[in-house]
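These notes concern the structure reproduced below.
Chain lettering (A, B and C) follows the sequence in which the chains are written, and residue indices restart at 1 in each chain.
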Amino acid sequence: MNTLKIIKKEGYTIVQMNRGKVNAINYDMVQELRQVFRDIENDNAVKGAILTGQPHYFSAGLDLIELFHYDKKQIHDFFNVFGALFIELMQITKPVISAITGHSPAGGCVLAVATDNRFMADGEQYIIGLNEVAVNIQISQNLVETYAFWIGQGLASRYIMEGKLLNGKEALSSGLVDELVPLEQVLPKAEARMQQYLQADQEILLNTKNKLRKNLLSKLDLNAENSLKEAATLWWKPEIRTKMEAYVKSFSNKKKG
Amino acid sequence: MNTLKIIKKEGYTIVQMNRGKVNAINYDMVQELRQVFRDIENDNAVKGAILTGQPHYFSAGLDLIELFHYDKKQIHDFFNVFGALFIELMQITKPVISAITGHSPAGGCVLAVATDNRFMADGEQYIIGLNEVAVNIQISQNLVETYAFWIGQGLASRYIMEGKLLNGKEALSSGLVDELVPLEQVLPKAEARMQQYLQADQEILLNTKNKLRKNLLSKLDLNAENSLKEAATLWWKPEIRTKMEAYVKSFSNKKKG
Amino acid sequence: MNTLKIIKKEGYTIVQMNRGKVNAINYDMVQELRQVFRDIENDNAVKGAILTGQPHYFSAGLDLIELFHYDKKQIHDFFNVFGALFIELMQITKPVISAITGHSPAGGCVLAVATDNRFMADGEQYIIGLNEVAVNIQISQNLVETYAFWIGQGLASRYIMEGKLLNGKEALSSGLVDELVPLEQVLPKAEARMQQYLQADQEILLNTKNKLRKNLLSKLDLNAENSLKEAATLWWKPEIRTKMEAYVKSFSNKKKG
């Protein structure tokens, strides 16, 4: 694994995103996440998983600098596998908990909302949310439905239209995260919740998760090819490409400077 | 336009309801609103709209005094076009923002919940909500679903059964309004949000609004003839007619006195 | 009636659960509740009902000690009628209000969420919620959908997975209960709300309740045989049986000691 660190615990697995300081998501990371979670789902000894990041960044979202250099086929493939990752995470039958160690905008939030719980680091104005409209990326219907599942249709509508990033307090009051805890307590808190899940009768727990997700899953388009097709097409719209180029340049300069 | 004032801005239109002090809704106003929003939807130069009212009243709701004197055909026609207005507002593809300058009960709230954002005047116990049960008017299924979209099914159920009017604080905490601002800031706040929408890629913004509404629209009966048929029928129920007469008389006396 | 006390009021009926100190639910109580609510629904002179309990206990939920001694047929029958009771309560066309006089976990909460309003006693750490996962009982899809109706899908998902019992403050902020009032005010509060319902035009009120529930009812499996079949099967799983035995013994010892 080039982009992930896998920590095996008694009965569960910790998946730590481990790609630079900010865990920007590229094609390789998506494919590794898919592989790891497929393994977790298929391994009878593993009863659940925790997804976590690096201090200060759960994930900064898509690696726009790398993606900017993808060609048409690569962009098509990227959105295809990213859509597939989301759908696969949504369908995992075992409990999955996000230990959100810091910022989690856009793509970072996409991963988090596919899981059952979100414990987020408090205290340094970390942000989370679906700001796709603000960064000129087309959000999918699947993501809209899932965001609405956690925070309600009204807030999801307002926040997604606005491209709003939420601070911890807003994320908590909207229901996007379960709890805010000090950064060093995020992973222990997630592990404590996993222990609680491990104590339940596993058949009842998995039946229950299945029932809790049934209605939402019935609304999703489970064909990954469809879910982000529009995003892949609009990626190449000239006006958007121009804005993306300006963004990538400004960001690259910042990194150099 | 006899009941509306139309203010054209760079890229968007402000629709100010302008019928007396309280903007009571009659047949003419409904038809003018339908015409204006049809024009907005069809004009490529217009990217969105703001719906607003007069100081202290967004709209007091249906003009019960005028409606009391409508004959059977007129009542049938009124509920028909009012149902159509709601459906048309719900289907506008462009962003629409309510700048709620004061009271907004019943019919006033109907218009507001069809839009994407609601900025409401704070500070003088302005009320908003669907109190149809309390005033003996049959609410439509379309309105029930839409109210639940914004404030959740549980609160919608409790508040609609009770015929509850919410003060600003309740409207804010329930999610019925986005934000409370001083009266003189309501329109500027709505305009600032519109500016934000104008800066987004319009194709992405409209795709996104479409996705946010898709699930709700699929639940609505888009045949206007159906949506308020019950309301038109129950309007003539003798016991309700008697109560309405008493209300209209007391109100007319108040106006004279 | 062996397990209920029925109090007839002008226009409505108070159904007081009256089985020991904690109102533990057994087969007889379920059947009596079904009978009483069928009578209420069919009696034109009765416009609504209030369901209440004993001081400190609305209902402690299923009578696990009695149920532990049921044989296979009895368990099958119990879950069958309990599923039927829930479905029947959900379909009552008249307003029903819960006056929650104290603790209301699991089965107690099941009854409460089928009604239109929940006024709960404040002040002594009374708890309410669906903790089925924690007590090794399989929750039904019908109950999942109904809990989500009141508190939203996100909270319902998190709370049910965790098997969480909510204190009054959490129940209020999540929307599970309408209001917290002092214990002696719970029933008067429910009666005041019933008076308000009685003042509405009854045709409009019942039409409105019907519309408010339509979407939820369309999601439920109205075949009682199905709804708790899994619960009845898993009841006999050896590991769960062992845990239940330990629980029943510890509880019986406590009662003796």
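The rule is short, and it goes like this: contacts are C-beta pairs under 8 Å (C-beta built on N, C-alpha and C of every residue); 3 or more make two chains touch, one makes a residue touch a chain.
Predicted, not measured: the structure shown is a model, and the values here were computed from it.
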Quiz item: In degrees and to the nearest 5, what turn takes the CA positions of subunit B onto those of subunit C?
Solution: 120
Quiz item: subunit A-subunit C contact: same residues or different, taking over half shared as same?
Solution: different
Quiz item: Roughly how far is subunit A from subunit C, going centre to centre by Cα mean, in whole Å?
Solution: 37
Practice problem: Send over the residues of subunit C in touch with two or more other chains. | Solution: 152
Quiz item: How about subunit B: which of its residues touch subunit C in the complex?
Solution: 132-134, 136-141, 144-145, 148, 152-158, 160-163, 219, 230, 234, 237, 239-240, 243
Self-check item: Partner subunit C, residues of subunit A touching it in the complex
Solution: 95, 116-117, 149-152, 175, 178, 193, 196-197, 200-201, 203-205, 207-209, 211-216
